[in-house]
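Each structure below is given as structure tokens.
Next come two complexes, and both contain subunit A; in the first it sits with subunit B, in the second with subunit C.
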Partner chain A sequence: MIALYRPGTSPLHRLPAGPKLIALMLLAIAITVFASNAWYIAGASALVVAGYFAAGFGPLEILRQLWTLRWIVAVTLITQVIFLPLPVAATNTGRVVTVVMLATLVTLTTRTSALLDAVERGLGPLRRIGVDPARVGLVMAMTITVVPVIAGYAASIRDAQRARGAKPRLRILVMPLLVMSLKHADELGDALVARGAE
Partner chain B sequence: MTTPLPSIPASPDGTPPSRELAFEGVGVDLAGVTVLRDVTVTLPQRRIAVIGSNGSGKSTFARLLGGLVAPSRGRVAVHGHDLVAERKQVLRMVGSVFSNPDAQIIMPTVAEDVAFSLRRRGLTREEVARRVTATLERYGLAERADAPAHSLSGGQKQLLALSAVLITEPALIVADEPTALLDGRNSRLISALLLDEIPQQLVLVTHDLELAARCDVAVRFEDGRLFEVDDPAPVIARYRRDLG
Partner chain C sequence: MKFDVRDLARIAVFAAIIAVLGIPGAIPIFGNAVPITAQTLGIMLAGAVLGAWRGAAAVVVFLLLVLVGLPLLSGGHGGAGVFVGPSAGYLFGWILGAFVTGAIVHAGHRRPTWWRTALGCVVGGILVIYAVGVPVQAFVTHLPLGATALSSTVFLPGDLIKAVVATLITMGLWRAYPRAFGDQVRVTPAAKVDATVR
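Moving on, here comes the complex of A and B:
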């Protein structure tokens, strides 16, 4: 689900990470606060689609990114439909998808290291209250890095369970996944020390 | 079982040793259990193989040098620098490579992961980029610079891990089973790089006795003790005999 940088020369690629992050934050707030009906959502979505085209990504890439959000769409929509009328639930879900697609566009056009540098600079003033910007940036980077690893563990556990004739079930997936993830965290801790990031 | 330590063989080319690892009465306790005891040895050779059964203490020996565990007793010196008193300096001199390359990847893309090793070294962004490009080109990863690091093959990931270590120009490489998860071709690639191409002193923990045989000296651990230190051939022969 977390997209990675795709090299390119578009204006969006060339824009520094700091302004992109600020624009993302402002647009996300605007969409969340003001996009109160389907027309506003459609307008915001059109803007995001235009951004993808401006960055050199075609309709296939947009559809690919949307497909990766299918579970978010399902969970957001289903949980809201229980309590809210369908049009309101659909508008809220549209808002979430638009903001996530916008955030994805930023990560697709910005190197992770540039994003981290921008975050570290942005969090600089918080040093006075004990926040370590470098550590926050490192945690963000490692979160992005570790997602495919955990997904790989989940896939290998499901394969092992299928190979032994068990139907894949969430209940029997969680415990081995937790054990493997903790072991990975332990090894990653060693790697951090070994690479001087204590 | 403790046997008297034989004299340590000199470097095969006869050059006087300029770098050495010195252990004096070193012991390590983990969670109240002694996992390494009474290690006293000086190792000036470039390529040092560390062999022994599972749980013999060889990985703890490597983790000591990598700064991942501290000695509970005794003194460890890496090229004359005390591992405890000068820990930060020693950590900068030592690069560690583990068996599972997935667990060594910290940043999302190949180039960013290699660049991570140069953080906090006071280099300009341009200098970091120049060194990363040169390192990736040297180890054949330049074309994958912007690829997600976890999308690489097993061999490429281990090359990435090595690149991330070598870019810092350490004086000592500690490799704990670096070829254990690799296929034959990638295993040969990584072992050739470690044993024949890099100039650094190498501590190679391995179950692969053919690799151990290519080193300048072999150190064998058993039951948490240094069992013997000698030329690789006799150490390996005795180890094979003991394995039955």
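Moving on, here comes the complex of A and C:
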């Protein structure tokens, strides 16, 4: 699985993950709530673009990230245009794109493992209501290793059905996938119990 | 709510199933042309199969992995961006949606029935998710709530199909592999015999 992180040594890359995430959430909410006119949004997007350059990404990377947002842009713009005048619709869509591009910058400049650690630390206060951050971390690690296994099941089921000339359909694919996957889960659970995990 | 190790394995595997349902090409759905995701099918199934708490936990684990930068959402999306974009509320709604689906399907620790599974998938997998998603989308895009709700009905037919498919799969899985439903549901002798015969 290829993470979205892009290695680098810029100041943005070196910022600790936890504070970066918190700053992002506050900034995103601030822009969403307050940036209601085109000038604010232009200013905010100029700052985001400056951030991409500061992190060592060129215009090409910015365009590539914008391209991944094409569906968000299309859906947002179309629903807005139906109900609102065009300038307002464009402004709103611009703001959404700015906020998402800002968040993407955080993802691009922060190592997945650093974010995992930050999430585990962030869950600390939930210990009081019975959430064990270490167990959450364990399950997340297990999920990462299990994804390729399940994807492999899906591929082999699809191939087998194709070989029999069956038309690929959602239900006849997911049904055996669930049986195989949940059997795997039970084996995994048995293996963990046998090794004394609890 | 205390999870044992076998529960953790089931939670991890179901989080992975939700991820695999988003891999483009892995699951044929409307020719992969439109950004319609089979992942909400995974949300319904997580609740219906694992029950309220474990189903919601599987969704939380999946979303945390998306947050730390793994491209697990359909179309290879992921990272912090999706949690500040227009669809952020739907993602948060998935957690509550899986919980409500599980609470209805597993009500009173009884074996799943056709009507209760269908009701759970529609209420938890559709109504609850929209109830959380639409207000957040209105907040992010500054489109009035009524207009946002109206535009979101575009996705209703697809979601209803997914609820039907999720119901068929859940009842099929109950016959094929009742153990998947865990200790939460008392497996009746009839179901056990059924499973060995098949």
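The definition used in the following text is that the second predicted complex is superposed on the first by the 126 of 198 C-alpha atoms of A that agree within 3 Å, B and C clash if a C-alpha of one lies under 4 Å from a C-alpha of the other, contacts with A are read in each partner's own complex, and residues count from 1 in each chain.
Throughout what follows, a residue touches a chain if its C-beta (ideal position, glycine included) is under 8 Å from a C-beta of that chain, and two chains touch if they have at least 3 such contacts.
Predicted model only: the values in this text are computed from it and were never measured.
> Which holds for A:S156: it touches subunit B only (first), subunit C only (second), both, or neither?
Neither: A:S156 stays clear of subunit B and subunit C.
> Touch test for A:I72: subunit B only (first), subunit C only (second), both, or neither?
In the superposed model, A:I72 contacts subunit C only, not subunit B.
> Contacts for A:P7 in the overlay, against subunit B (first) and subunit C (second): which applies, first, second, both or neither?
Touch partner of A:P7: subunit B, not subunit C.
> Which partner does A:T112 contact after superposing on A: first (subunit B), second (subunit C), both, neither?
It touches subunit B and subunit C both.
> On subunit A, which partner touches more residues: subunit B or subunit C?
The partner that reaches more residues of subunit A in the superposed model: C.
> Under the stated touch criterion, which partner chain does A:N37 make contact with: subunit B (first), subunit C (second), both, or neither?
neither
> Tell me which partner A:L192 touches in the superposition: subunit B (first), subunit C (second), both or neither.
both
> Can you give me the overlap between the subunit B contact set and the subunit C contact set on subunit A?
Correct list for subunit A: 4-5, 112, 138, 142, 144, 149, 184, 188, 190, 192-193, 197.
> So in the complex, the part of subunit A that touches subunit C is made up of which residues?
1-5, 21, 24-25, 28, 32, 36, 68-69, 71-72, 75-76, 79-80, 82-84, 92-93, 95-96, 99-104, 106-108, 110, 112, 115-116, 119, 130, 135-136, 138-140, 142-144, 146-147, 149-151, 154-155, 158, 168-171, 173-175, 177-179, 181-186, 188-190, 192-193, 197-198
> Residues of subunit C touching subunit A in their complex?
It comes out as residues 1-17, 19-21, 23, 26-29, 35, 38, 41, 45, 49, 57, 61-62, 64-65, 67-72, 75-87, 139-144, 147-148, 151, 165, 168-169, 172-173, 176-177, 179-180.
> Can you list the residues on subunit B that touch subunit A in the complex?
63, 66-68, 91-92, 94-96, 98, 100, 102-109, 112, 115-117, 119-120, 146, 148-151, 164-165
> Under the stated contact criterion, what part of subunit A meets subunit B in this complex?
By the definition above, subunit A touches subunit B via 4-7, 111-113, 138, 141-142, 144-145, 148-149, 152, 184, 187-188, 190-197.
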